[in-house]
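Below, each structure is written out as structure tokens.
Here come two complexes built around chain A, the first alongside chain B, the second alongside chain C.
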Partner chain A sequence: MLSTKFAIPDVIFGRGAITHLAQCAKRVGAQRVFFVSDKGVEDAGWVGLVKGILRANGLECVYFNDVNSNPRDTQVQQGVEAYREGECDVVVAIGGGSPMDAAKGIATIVGNGGEIRDYEGANRIMRPLPPMIFIPSTAGSSSDISQFCIITDIKRRVKMSIISRSLVPGISIIDPQLLVTQDRSLILASGIDALAHAIESYVSRLASPFTELHARNAIRLIIDNLIPAAEDKDIQALEQLSIASTSAGMSFSNAGLGDLHALAHALGGVCDVLHGWVHPTLLPSVMRYNMPSCMAKMGDIGRLIALTDTASDREAAHMGIERLERLFGELNLNTKLRELVPEKSDLEQICATATYDACHLTNPRPASAEDLMSICEEAW
Partner chain B sequence: MLSTKFAIPDVIFGRGAITHLAQCAKRVGAQRVFFVSDKGVEDAGWVGLVKGILRANGLECVYFNDVNSNPRDTQVQQGVEAYREGECDVVVAIGGGSPMDAAKGIATIVGNGGEIRDYEGANRIMRPLPPMIFIPSTAGSSSDISQFCIITDIKRRVKMSIISRSLVPGISIIDPQLLVTQDRSLILASGIDALAHAIESYVSRLASPFTELHARNAIRLIIDNLIPAAEDKDIQALEQLSIASTSAGMSFSNAGLGDLHALAHALGGVCDVLHGWVHPTLLPSVMRYNMPSCMAKMGDIGRLIALTDTASDREAAHMGIERLERLFGELNLNTKLRELVPEKSDLEQICATATYDACHLTNPRPASAEDLMSICEEAW
Partner chain C sequence: MTAATTLSDLIGIEHSKLGFFQELQQTVTKLQQSNRELEEQRREIAAIIDGITDVMMVLSEDLRILSVNNEFHKLFPEGNPIGRHCYELFRHSGIACPECPAFRSISTNTVCKETAVFRIGDCNHQFEMLASPLKSPGGEENRVLIFKRDVTMEKELQAKYYQAEKMATVGTLATGIAHEVNNPLMAISGYAEGIQRRLKKYAECMPEDVAREFVDYTETIIGECSRCQRIVRSLLHFGHPETSIFGVVSLNDIIRESLTILGYHLKKSRKISLKLELAEDLPFIFADEPRLKQVMLNLVTNAMDALDGMEGVITVRTRLEGETMVVMEVEDTGTGIAPAIMDRLFDPFFTTKSMGKGIGIGLATCYGIIKDHDGDIDIHSVEGEGACFKVTIPIQLEKETDAVSLSCACCR
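For the complex of A and B:
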């Protein structure tokens, strides 16, 4: 076994956890909070709640909401200017992956200077960031847990993966009550993203006993709770998805991901699709491709997904993939890559770009651009 | 569900992980390391190895080894003087719970002044400690993971529980290769301590889904690996115990412990017994006492320990306790409290002291000094 690392933020978890925000902000020295969110979270009422909590506790706040899904380098730059102008000292973000990743990008430049593209790849952030406190409003991206930050480079049409220990926030406040304002579509896209994080990190080259424990926990909980959470907005099921997403985050943040995410990032740079909707089109094909390199682990995954106790890893692995395909069908999700990518001729560029993504490095089976092309052909 | 917290150090895990020490020390700004260990670890050769690593990387080092098992307030004070005299900036400790707890006590005073008894109880440390990097040489205490520090107050004859987020080291370097120099007795005492951490924290009043996951993982791994690790020094089994102890630490550090540890600390203040040897005498009786308040969880524990899938929680819980008693018997461990406590008349004082221990607060079933006395009577 190689040496592995396992690093996570301080996690405050539970219904009502958001009320601890001001205390946490003061603990890390806040006087003027830079607060990042987006219009969807505003409409759900959570931005007002956070502003109220900060105000009631004597904390000033500069609010920034110019963030769309798949946040852009230009938006990060605008945030940096707002942070500097506001003379802020701590970054708070509430939302899904987009506001949290935008906040990470802003904190990176505030602490290190330059432009966000200077930090693309792994371990390129050298100086400390201002303290970050994140509050997820979806159960999926786990940006509140992870050392990942994904920002779109508009000119190059590339979603950059930026990975650094410094990008793990100091504190993650996870309040499952926030999940009730999501619609069915967002619950599913987020939950399936968390499932993809768990599956890819479980078979990653950098997996450790601690990441594996959390990955298995996440897979089991998502399979049990995704449908009641999405179809009935069952609060117990949403809470379990929140635990699952957090476990998946603890896993992939430390173990890394694989070629599903490498492809999803490359694809997201070309077409502005919600990240979670890429997985139903590509996940089964990537799992089939990787199977020969990690049959025992694919067997574990299959047993968790298909609720089987068959002793054969190969049989369990196939049963798991087939069960996933049926699940995506029952949920009426698009499983055809051609519905996402405008022109089939874009695939070549997407596959070439994916081989440069940091997630490609931890995929369990080596893959050339041609191998990725064959995966995309199968999923087309 | 109440809001719960989950905070751990950065963990570097794996055979050979110790070689990352100098890099970690430099990352937290070390120039002059205050290095704590004890004579047992010196004899095993690990102190020399650490000194060599530090020296080879240009780090100066002040070495302190005046630590015995159940470290004392007077030793902490001597360490503080040595730290100040040496003008050190980072604390490194290698060993079992004793050197690591002594190092925590020293760091507390260096950062906060006063005497160590000023910080007895929960959340009484207000100012930052120097960075701490710990390397466990046993798989049991998990002081390298936890926010606990246990120091004996010599005058009062009390083992003080000091609990604070500030006592979680910045970095824990866990190298399972270090475990091979332990003898059978130390492997067992440490492994059973880790098992007790997992069991008590699983049923604690502050347990969360994340602590529960790690507690279950620890119980399962210890039951599978304790005998081959202790009897054959099987390196794979020792590595699994190392994972188990780390998981148990992540659990109890955040969920807290219970009356087994409250009693063990009170008892340890009166008689200088190796901490792990208290558990075989008291654990079954404490579990029986707690059962009515947490039957479902005691059922989970029973199923993990007795490897049964019976649906009845009560039946599984009893099977688990009986299996534990058989295990302690097969290992020829003392299970009679009277072998540890010199005079039966000491029990009254021990039980009274235990009700003031911080671990008493998270026991799942309320217990008066008289209730604790009945537990001790059963275990006598």
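For the complex of A and C:
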């Protein structure tokens, strides 16, 4: 039997948890904090809040916000220069997946040198990184929990997956109150990303009892709370989404993902689309493709999503997938791949690239580029 | 990208979050190692610095002592010099010395040399100083590295050499002149004596007053001739310093003979009156007569120069001090000596005289001669009121027996 492993950061959770930032930073030796975020989080006012907390506690800070929704290798390099110039010691990031992944990339180069593409793949990071403290402002990417870092290689038009235990931050401060400033579409995009994390990691080839528990927990919480959180910005529902996202993060960080994310990464390298928007178009097709290899688990997922207690795994699985498609429809989300990929001719390249992605390895059913192509055809 | 990633890579059992512990341990080990090496280097450098036989100091911009080597502690055994001003220790002064090479070195950023004399304890030391700027790269305060080499001995030897050279030249000249003058003198006094002999015979044939005048004139000629011969003799003596030898001498006689040589100069300057206060009961001393004459000549010449054309008195005095010492004092009522240069008077080549009047080795030579006699020279002076040079010499008659064996055949 394959041994598995479960690694997560210190998680500080609760409304107002952000106020512990300064003491956490000092605890890991901060004097000059390298602070990463982006324009959206700035506009929501959270950047100002963090700067205020640091200043009030006598911590200097170098602020870096040159981060896209899909962070680029060039931006990482600029961040590294800013870090070195500022002689910083601790990395703090607040935001969605992009600022956190950018921060991970910067920390990797600061600790190890070279360029970010040198670390593409698993376990290529050989030297320690500066301490990292992450504060997620969305309930989705779970970059604050995971050992994954996704950076776009501009020249190759590829989203690189960098996987290392060293990329698990030291401390994750999860404050559900930060979610109230998000708009409906961001709540949905990140919520569905978290759902995809949970579903893919549940059926992953590396799933373990420890990850399955969290995956199931995440699926249930997202199905129950996604609509009230997005439509009403109900704080209770947002808090549950936060928990769901963290659970999904614990699951996928340790179990890995599948071809949905392999395709999403490949697609994101070609067209700069918000990561969460890829899932409604491809998730049902990928689930159908994987069903033969993991019928029992797909049945479990179906029961959780469709809230059915039907005995047959196959029936439950189909009901779950249909329920998901209905849900995306009700939420007016785009479910057609053609809306995202301007040229159908790009699909071949996207599928070929996806087979090299680390997420492709853990997909429960082996898939060739042609298999992936058939999935895309279905979602077109 | 390399496609080597496998499922077990993703699980990464053998990979864990990298901590700093191992690196820290390695760093600590490296630091300890480099610390040891640095300490060894420091010790080696300290040993080298302490092995330097020159006095070495590092000074701050305002001439405070920052660090010194072992040699410095030998010179100033008591107290910690760090933080004190260099001029406090070397000059006993509250202000920096005008000739200080450290300032020049800092301002010009070059290596500067200077020679100066410092009175340390009871002795004068002449130092060659070398100041090199230590510019610190961090833009901190500039510092100066000073080396001081004690060259007193070398300078004394040099001065003695010059003096010996000069005296040899003067001696040769004097001997030559003395021999040349001796012959006419013999002729003059011989003819004068011849006239006297004839006078006795022919005195009755001439008027009495004329005969009386002839007697007086010839006696004066003979008297003056014998005085000239004495002068010539002392010149001959003076001209052979290398034949000089310690012996039993009368200090008063030495003074009188020296003054004979200077007699003409003293008489020429009518403004100077010479007073002799010689103790009649002065015992003989064991000394080198020609060299003591040289001391006497130097001191009196100095006194005359100090009067510099003014009216004044030069008093030469001798007396017994205690039971073992004789004292000779040469006092003048001249310009006196400024306190600032008091310490430097005995330095070779130190002179206040104008160009061509002397090269400043007179007093240095005196000092050397008196030291050879185990004696001492002291100066008492009030600026504007004159100066008194006091030479103290031990009697030491018991050394006579040793000395005879040292004397050479030619001068016995």
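Definition applied: the second predicted complex is superposed on the first by the 379 of 380 C-alpha atoms of A that agree within 3 Å, B and C clash if a C-alpha of one lies under 4 Å from a C-alpha of the other, contacts with A are read in each partner's own complex, and residues count from 1 in each chain.
As a working rule, a contact is a pair of C-beta atoms (placed from the backbone, for glycine too) under 8 Å apart; a residue touches a chain by one contact, two chains touch by 3 or more.
The structure presented is a predicted model; accordingly, all values stated were derived computationally and were not measured.
**Student:** Thinking of the overlay built on chain A, is A:C61 touched by chain B (first), by chain C (second), by both, or by neither?
**Tutor:** Neither chain B nor chain C is touched by A:C61.
**Student:** For A:T4, select first, second, both or neither according to whether it touches chain B, chain C, the two together, or no partner.
**Tutor:** Both partners, chain B and chain C.
**Student:** Contacts for A:R205 in the overlay, against chain B (first) and chain C (second): which applies, first, second, both or neither?
**Tutor:** Touch partner of A:R205: chain C, not chain B.
**Student:** Check whether A:T362 is in contact with chain B, with chain C, with both or with neither, and answer first, second, both or neither.
**Tutor:** second
**Student:** Which partner chains sit in contact with A:I163 here, chain B, chain C, both or neither? Use first/second/both/neither.
**Tutor:** Second partner only.
**Student:** What is the contact status of A:N217 with respect to chain B (first) and chain C (second): first, second, both, or neither?
**Tutor:** Once the two structures are laid over each other on A, A:N217 reaches chain B alone.
**Student:** Shared contact residues on chain A for chain B and chain C?
**Tutor:** 2-5, 7, 165
**Student:** Quick one: in the complex, what on chain C touches chain A?
**Tutor:** 1-13, 15-20, 23
**Student:** In their complex, what parts of chain A are in touch with chain C?
**Tutor:** 2-5, 7, 120-123, 125-129, 158, 160, 163-166, 168, 205-206, 256, 356, 358, 361-362
**Student:** Using the touch definition from the top, list the residues of chain B that touch chain A in their complex.
**Tutor:** Going by the criterion above, the answer is residues 1-8, 10-17, 19-20, 165, 208-210, 213-214, 217, 239, 243, 246-247.
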